[in-house]
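The following pair of complexes shares a single chain, subunit A, combined with subunit B in the former and subunit C in the latter.
Right after this comes the complex of A and B.
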């Protein structure tokens, strides 16, 4: 399971404060602790913490890289912010560009820009692409799959290896009125997306969004994660400090025959997947 | 139709380790043996992916063997009472790069010899040869716990490969092997889950994973070789896929298992062909088969088998 740790995000108050104070220690501790908890990538999102998004993402990247070599996931809807992050990143460790829709009303070519940026950053630069286009986030299964198919074929046309592509099927909060059919639609879409190419593109979700505003958040997150892994999900942006969630990841890997069973399988999961 | 490109690449590799400490390294060995390092399946990918060549460890027993057939006794008949001379013969006459001293005689049912005997044998063999050593207990937990820590101490700093520890009996030998700077053999009874667990247990005691060699147990041709083969293959795939708890080099005991087969040792069956050929042939067939699953050290008994398997390894590696 490719886990992208979500905590370095300006939406969280401690990160927002650290950005305002230029307090490196808070950021570096989060990087270290999330890595030790089993993160494959560290998400880096300025959020609403600063007006100067480009300068701030550079400060975050440089601060993390001073003490931590875990690959980073540059998280912004603005290509210029991603580009600013890429200028200071050590892409040799790997990097995820998070994220681009298929296209936007304001920018038909946005996906192509991300591919170009990834190619410039080197062979270990991957892209998260959302099943979303200029009409917004689709509600049904078929449109999600159709957008994913267009993304995959566009990547192939450009010679961009589909194994460098993460399709994010966009999880909406289950508590939102009339959104309760969405998790089922997403699972049905995953069933088809995994057949779009061989080898298939990775599939990821922003897991915590599912339980936004709900009670029993951790329970909702981990049950859905197990369901999605069984349909082919192999990555998630998630809270790696949630031990119950991490145990579900370890157990799912076991049940999907991705890890050899041992009596200590929970204990070794994160250490066995580091590096 | 073009030939499809089937070469796969993997994210992980088998740990590489060097047995034996030379003078510069604080020991007295005159040569070392490096094993492991494979980053693709056997015969898959390029030669550079294949890692180090598999190596043969020739068996030397601490006491005169009681149940060996004549065919196997013959090449060693003048040295059976002296483990030092025996080891020397294996190295000088038969070209062994690695010696496995098997402490058969300390077993309560096979002589019940004490730690003083085992220490003496260890010192004798260390004196007699300069190649690295594998030091292997008798398999009786209680006796191994009494004797093998002393053996470890007698070879302290020589970077031997010592074992074998099991899920139920690992603490004392793991601790002493760590303190004495040796490598450790973790043993599982043809069970991949236990194999992983014992590595985790040793690692929990602070033993570095990079200093472990796994022994999955071996089955000879006709006697469970398919189980050994499939488990070793599964371990290799797990190692290549990045499972650090399974990334160890593998040792297998072809000599002992092959010579247990009745086809290897019975002499009154002329229709099976000459007995002097059958035993070595059984070792060779078992070894060559297991090599394809991914093996790093092969324990062998008969010098003809050792020579043929060595020849096989070298020829394959020339391609």
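Right after this comes the complex of A and C.
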């Protein structure tokens, strides 16, 4: 499981404050602790913490890289912010560009732009592509799969290895009225997306969004993650500090025959994934 | 979710002792407490507790019925023991005959016999049929589905409503060497079994068997149950006293859009399912 740790995000108050104060220690501790907890990537999102988003993502990247070499996941809806981050990143460790829809209302070829940026950043630069197009986020299974198919097909046309694609099926909060059919639709979409290419594209989700504003957040995240891993989900942006969630990842891997059973399988998993 | 509570089974030492002592209180407390915890059926299995299996299952049924009217699930590999239980049961509450393979080495038409017994017991008598035939328990997905298809087809031929069938895909302990591919195969079989008839047969599993002898039993059971419910599993023989497991059932129902979200969804589920 490729876990993208979610905490270095300006939406969290401690990070917002650290950005305002240029307090490196808060950011570096989060980087080290999330790596220790099993993160494969560290998400880096300025959020609404600063007016100068480009300068801020560069400060965050440089601050993290001073202390650890865990690959980063540059998270912004603005390509210019991602591009700014890429200027200072050590892309040899790997990097994820998070994220692009297939296209936008303006018909701007935004996916193409991300492929170009990833290619410039080097062979270890990957892209999170959302099953979302100029009409917004689809509600049904078929449109999600159709957009994913178009993403995969565009990548192939451009000679961009489909294993460098992370298809994000966009999880909506289960608490939102009329959103309760979404989890089932997303699982059904995953069943099909994994067959879009051979080898398949990665699949990822912003897991915590599912339980946004809900009670029992960890429980809701855990149950859906188990369901999704059984459909082939191999990545998630998630709270790696949630030990119960990490135990579900280890157990799902066990049940999907990706880890051999031993009485200490939780410990074995956790040691194997420590940064 | 149709939960079949597993505790009244002579394999548990307290039940074994209660059977030996003809101690009604132990059995009746288990019946009441499992009902209170959310059981739809109470499994009744003599186990190896007594030589006189037929007399013992009758004593258990009568003892339980003195104190509660929760439907019973008569659990034995011997049709004569099930038949003995049926003689004293109040089948108007509903009853499950647990369980029959498609056929046996002897070519004995054992499934037909169960259909006959269920029909005699009345319209609320249902059958758990195992995806198992004279060759034993299949290891792969396709043979499981093929046996299930034959069970469904036999039921249809005999005019036995497929909604009275509970197809049990037989979960093996994940700890057993070479059994780790089984959970994935079973989930794939469930994906197909639910389309064998319209309306579909029920699907059930003996959940606790999955974690037999393993560490982290509840965690393993919970993760697999979430995966299986997302494939359409609508019943399980399980430990209803495991509150963490019951919370996963409630959350799975929420995510599969079978319960409306409210901040107190766990409590709502639990109240709705109390006997």
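Rule of thumb we're sticking to: the second predicted complex is superposed on the first by the 272 of 275 C-alpha atoms of A that agree within 3 Å, B and C clash if a C-alpha of one lies under 4 Å from a C-alpha of the other, contacts with A are read in each partner's own complex, and residues count from 1 in each chain.
Methods note: a contact is a pair of C-beta atoms (placed from the backbone, for glycine too) under 8 Å apart; a residue touches a chain by one contact, two chains touch by 3 or more.
What you are looking at is a predicted structure, and each value in this text was computed from that prediction instead of being measured.
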According to the stated criteria, A:84 is in contact with first (subunit B), second (subunit C), both, or neither; which is it? neither
Touching A:256 in the superposition: subunit B (first), subunit C (second), both, neither? second
In the overlaid three-chain picture, which partner chain does A:267 touch, first (subunit B) or second (subunit C), both, or neither? first
Just to be sure I read the superposition right, which of the two partners does A:180 touch: subunit B = first, subunit C = second, or both, or neither? second
Using the touch definition from the top, say if A:4 reaches subunit B (first), subunit C (second), both or neither. neither
Looking only at subunit A, is it subunit B or subunit C that touches more of its residues? C
On subunit A, positions contacted by subunit B and by subunit C: 260-261, 263-264
Can you list the residues on subunit C that touch subunit A in the complex? 174-175, 180-181, 183-184, 187, 214-216, 219-220, 222-224, 226-227, 229-231, 247-248, 251-252, 254-257, 260-261, 263-266
For subunit B, which residues count as touching subunit A in their complex? 192-194, 196-197, 200-201, 204, 234, 238, 242-246
Taking the complex as given, what residues does subunit A use to touch subunit B? 259-264, 267-268, 271-275
